[in-house]
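Okay, so chain A shows up in both of these, paired with chain B first and chain C after.
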Partner chain A sequence: MGLAVAVPILLQSRFPEKPTAIAKHAFDTINDLPDGSRVLLAFDFDPASEPELGPMASSLTRHAAMRGYKMYFITLWPFGTQMLTDKIREVILADFPQLVEGTDWVNLGFQAGNEAIMTQAKSDFKRTFPRDVRGIAVAQIPMMDEIRTTRDFACLIAVSAGYPGGKEWVQYVVTPERGSATPLKAVVGCTGVQTPQLFPYYPGQLDGLIGAIKGAAEYETLVNAEAERRTPGAPVPAKYLEAVRRMGPQMVAHVLMVSLIVLGNVIYFVGRRRGVNA
Partner chain B sequence: MKRQTIIWAIIGIAFVALIGSRAALGRMGRTYVEPTVKAFERVTPDALPWADQGADAPSAEWIATPPPENAIDRSGVWSERNAAGNQVIGWTSWGEVDPTVVFKARAVASRGGAPGPAFELSWPRTLGLWLAAFFTLAAFSFLYRDNPFYKFTESVVVGTSAAYYMVVGFWDVLVPKLFGALVPEIVRSVVQPTLRQPELADQIAKVLVLILGVMLLMQLVPKVRWMAVWPLAFVIGTFAGLKLYTYIESDLLGQLRAATAQSPLVIVTADPTGQALTGAGMVWQSFLASLKTSLLLLGTVCTLFYFFFSVEHKGAAGRVARVGVWFLMITFGAAFGFTVMGRVTLLAKRFEFLFDEWLWYIDPRGVHEIISVIMISIPALITDTITNMIAALSVVIPTLY
Partner chain C sequence: MKRLIPLWIAAIAGFTVIASNFIPPAMGMSDLVTEMFSVLAAVAYVLGAASIAKVHLSKLSARRPGWGYSIVTLFCFTATLVVGLLKVAVPPGPRSPDLAFSGSYSEPGGALWWIYEYAISPITATLFALLAFYVASAAFRAFRAKNLEAALLLGTAFIILLGRTAAGGYLTGWFPEEISGLRLENFSIYIMQVFNTAGNRAIIIGIALGVAATSLRILLGIDRSYLGSGD
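Here is the complex of A and B:
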């Protein structure tokens, strides 16, 4: 397995990604929001799940920035602050320098309290996140004037590695709003372990689901295609090909594993038949 | 010798050869930094964009300003008055820069070109990179057997994480939420100048929280351990109430709603997401959508029936329950597949780190010099190694005479 993963990395093998309907639906949900929409980006993950969730967090941030949405970054994980800062530096500060902090995007950082924070944000968002990550009071941040509760966001984009994360956002914030005239749209990107737990919520309670590195690679492909459509011929920076790159070793490892399972079964059945015949 | 020992000896030798060859061929595992001066000017409220916000506006604020010309030569934090009479403070921060940029600038400078920015090799960051590589390999060493390197790495990870959580808990929870409500003046003057004056109700609530918190700690005192039961009951009760309500709304009613919304077994024009199906593929896609909803219904009924024990699972009931088991097995298989995918991704990331950031064998990000393994043929490897050895000997041998 080590070789199956290492060799494609050393050879930098890449395979074409064909986005599935579920990835396209997630992409369309975000892409079709009205211009200037306010999106809440909750990055609830840590360095342990960064390899899986980092690429999709980059793609989602890039997509929102590309569309010119107002981005509100939050995290409910203590280590999440660093993840937010990294993605803002890698994507917004590097590729969208025209976006102004406090007007186009704000990093509200970490708040402890798990579901209590989600519940409180539903009724009073500013009280829940009273300062940004640098300690500036939200009263002094122009783009916070428009926010009272989570109902003031057009879409929730949650990148989640576990508890609290995508499942809790669906349970506490998204589902109660589903019956309203303008329900809060929600797209969740999650780890492979979490994906089967979140599938039942799609499409009834979730508008998009990006599952594991495969989903991230598909979403990355869609965002790169959108970037190409906007600026034809522009090279794709390597940082926006991370998920696609990581699918190379993934594919070889999966082929190896499936082959071993098939081989094991063949040996088992052949052995059993010989045993019966003997 | 045991077979396992031989395998691990081969892996170890191959790895040492890999690092040795890489070290012989060129540079690896370095982090460079460049200085940037940060300067901030203290301005009055009139100059701020939020000056019209009355009581919420601060009395003064620091805004970024261009640094003075000679600021890069100054050490530590400096302070001065600018032409407008405002206080300006600043310092030099060191930001990471791609090695490629450094090498290109040095190459230009060595050919008589203009000297580039003052890049420096960052020893602390380089050490951090090598430590990360060491810890990665030490974690991998568990594949052989439990050993001191693995134990040390495990302890470092657990200790660092616990310490980080404690620090975050103190500064992000206790200071702003508890101390900020109970002793706001002190918190405002020492750590958080923008802290708002808490309301009386909030202060009373925080006193109760403090009492409950102290009672929880009584678990450590055997004589009054009973006091810890009360806050524990409060936490569990609140949490259970909150969870019960949301689970009923989201997972029970929400899922029932989703299942009934997909009740038509024959779908002609749209799939479950409501997407319109048109064109030549309509029949095929309608068939697939219908099959999906039928399977969903079949799976739900059969799986639920498997957990219905009031009827003995024999005959037709047994067959329905059996189908339910198949659906469960497929679900577990899918979950296992996704878990494997996640774990392989983590492994791939660690290998990428070793080959890219540490060994510089690959360069998918285009940030450092590279000698790709594809480009390295064995003869080239041998030739380069011999050349380097000759060069080293030509320096060493004359000194022996």
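Here is the complex of A and C:
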């Protein structure tokens, strides 16, 4: 298994990704928001899941920045603060220096309380997140003037590795608003383990679902195509090809696992036949 | 009294939150309850930290097996706490570049950031990556088509494993358009959207009913197991 993962990494093996309808749906949901929309980005994951979720968090941040949305970053995971800081540095500060902190984006950091924070944010967002990650009161942050509750966001973009995460956001914040005139749209990116648990909410309560590194690779391909459409001929930085790159080792590892299962069964059936014949 | 007060707190808080869904004026009370919950959740982190310290200090003082690991745990715990609280080596924030300590505790370049970047992040990622070896080992030893159910599970695993990578495209991408639904990448999505969704919805509904019943038992004081066994 070590070799199956290491060799494609060392050889930089990349395989083409053809975006599926689900990935396109997630992309269109975000892409079709009105100009200047306010999007809430909840990055509920930690370093353990970063290899799987990091690339999709980058793509989603890049897509929102590219479209010029106002971005509000939050996390309900203690280590999520670093995830937010990393993605802001990697995407916004590096490639969108024209975006101003406090006007175009704000990092509101971590709050403890899981679902309680979600329900609180639903009724009073500023009381739930009273300061940004630097300790600046939200009253002094211009883009917070427009926010009272989660209803003031056009879309929730949640990247989650478990509890609390995408499922809870859908259950406690998105679903109750589903019947309103301007329902909160929601796109969730999650780990492979979580994907089957979120499928029951798609597409009724969830407008987009990006499942694991495969979904991230498809979404990344779509965002890169959009970037190419906006600035033709511009080279794609390596950091925006991470998900596609990580699919290489995943493919070889999956093929190895299938081979091991087949081999294990051959040995099992041969052994059983011999046992029966004896 | 030690059991009666928590019972009443649980009942009042729980019924307030339920009532707020049906009686709009109760929303304010519900917000207060959830706010109190958030405060408790924050305090729980402090209690958790104190509990870790207590457990490892007692292990250390009693020289129980593995006490050496407790020293490492306590050292790392204390170092991280001190470094974070005192904002060790944190550069000034961009809004106040002339003021020391104006940067965030997790500002890049600070000691806490360094611990996160070069210790916590690689360690947790490495531990998670070890799963690949366990899965490979389990795939060889445990997945056996011993009966029809196991064979179905194996078949589904094959489709999902191959359909979620480019291998699916290489193997079945040549299927004509009329049967494109049988291409592994499409078939894996079909399995997830139909069979998986049906099964998961049944589980979700079952869990929801169970949670509702258990919650009512707790709020009405019938189930008191969460209070512990002592007086």
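Rule of thumb we're sticking to: the second predicted complex is superposed on the first by the 261 of 278 C-alpha atoms of A that agree within 3 Å, B and C clash if a C-alpha of one lies under 4 Å from a C-alpha of the other, contacts with A are read in each partner's own complex, and residues count from 1 in each chain.
The working rule: a contact is a pair of C-beta atoms (placed from the backbone, for glycine too) under 8 Å apart; a residue touches a chain by one contact, two chains touch by 3 or more.
Since the structure is predicted, the reported quantities are computational estimates derived from the model, not experimental observations.
Of the two partner chains placed by the overlay, chain B and chain C both lie in contact with A:Phe79.
In the superposed pair of complexes, A:His25 makes contact with chain B only, with no contact to chain C. In the superposition on chain A, A:Ala112 makes contact with both chain B and chain C.
With both structures placed on the common chain, the touch criterion links A:Thr191 to chain B but leaves chain C unconnected.
When the two structures are aligned on the shared chain, A:Pro142 is found in touch with chain B, with no touch to chain C. When the two complexes are overlaid on their common chain A, residue A:Pro16 makes contact with chain C while staying clear of chain B. Once the two complexes are laid over each other on the shared chain, residue contacts for A:Met257 go to chain B and to chain C alike. Once chain A of one complex is fitted onto chain A of the other, the partner contacts of A:Gly204 are limited to chain B, with no touch recorded for chain C. In the superposition on chain A, A:Ser123 contacts chain C only, with no contact to chain B.
Once both structures are placed on chain A, chain A residues 1-2, 5, 48, 50-51, 78-79, 111-112, 119, 135-136, 192, 195-196, 200, 211-212, 214, 250, 253-254, 257 are touched by chain B and, in the other complex, by chain C.
Residues of chain B touching chain A in their complex: 48-50, 53, 56-58, 61, 164-165, 168-169, 172-173, 176-177, 192-194, 196, 242, 246-247, 249-251, 254-255, 257-258, 261, 271-275, 331, 334-335, 338-349, 351-352, 355, 361-362, 364-366, 372-374. Note for the complex: chain A touches chain C at residues 1-2, 5, 15-18, 20, 22, 46-51, 78-79, 81-82, 85, 89, 111-114, 116-117, 119-120, 123-124, 127-128, 133-136, 192, 195-197, 199-200, 202, 211-212, 214, 247, 250-251, 253-258, 260-261, 263-265, 268.
Touching chain B in their complex are the following residues of chain A: 1-2, 5-6, 9-12, 21, 25, 48, 50-52, 78-79, 110-112, 115, 119, 130-131, 135-137, 139-140, 142, 170-172, 175-176, 178, 191-193, 195-196, 200-201, 203-205, 211-214, 238-239, 241, 245-246, 249-250, 253-254, 257. Residues 27, 30-31, 34-35, 37-38, 41-42, 44-45, 93, 95, 103-104, 106, 108, 113, 116, 120-122, 124-125, 127-129, 132-133, 135-136, 139-141, 143-145, 154, 157-158, 161-162, 164-167, 169, 185-186, 189, 192-193, 196-197, 200-201, 204 of chain C are the ones touching chain A in the complex.
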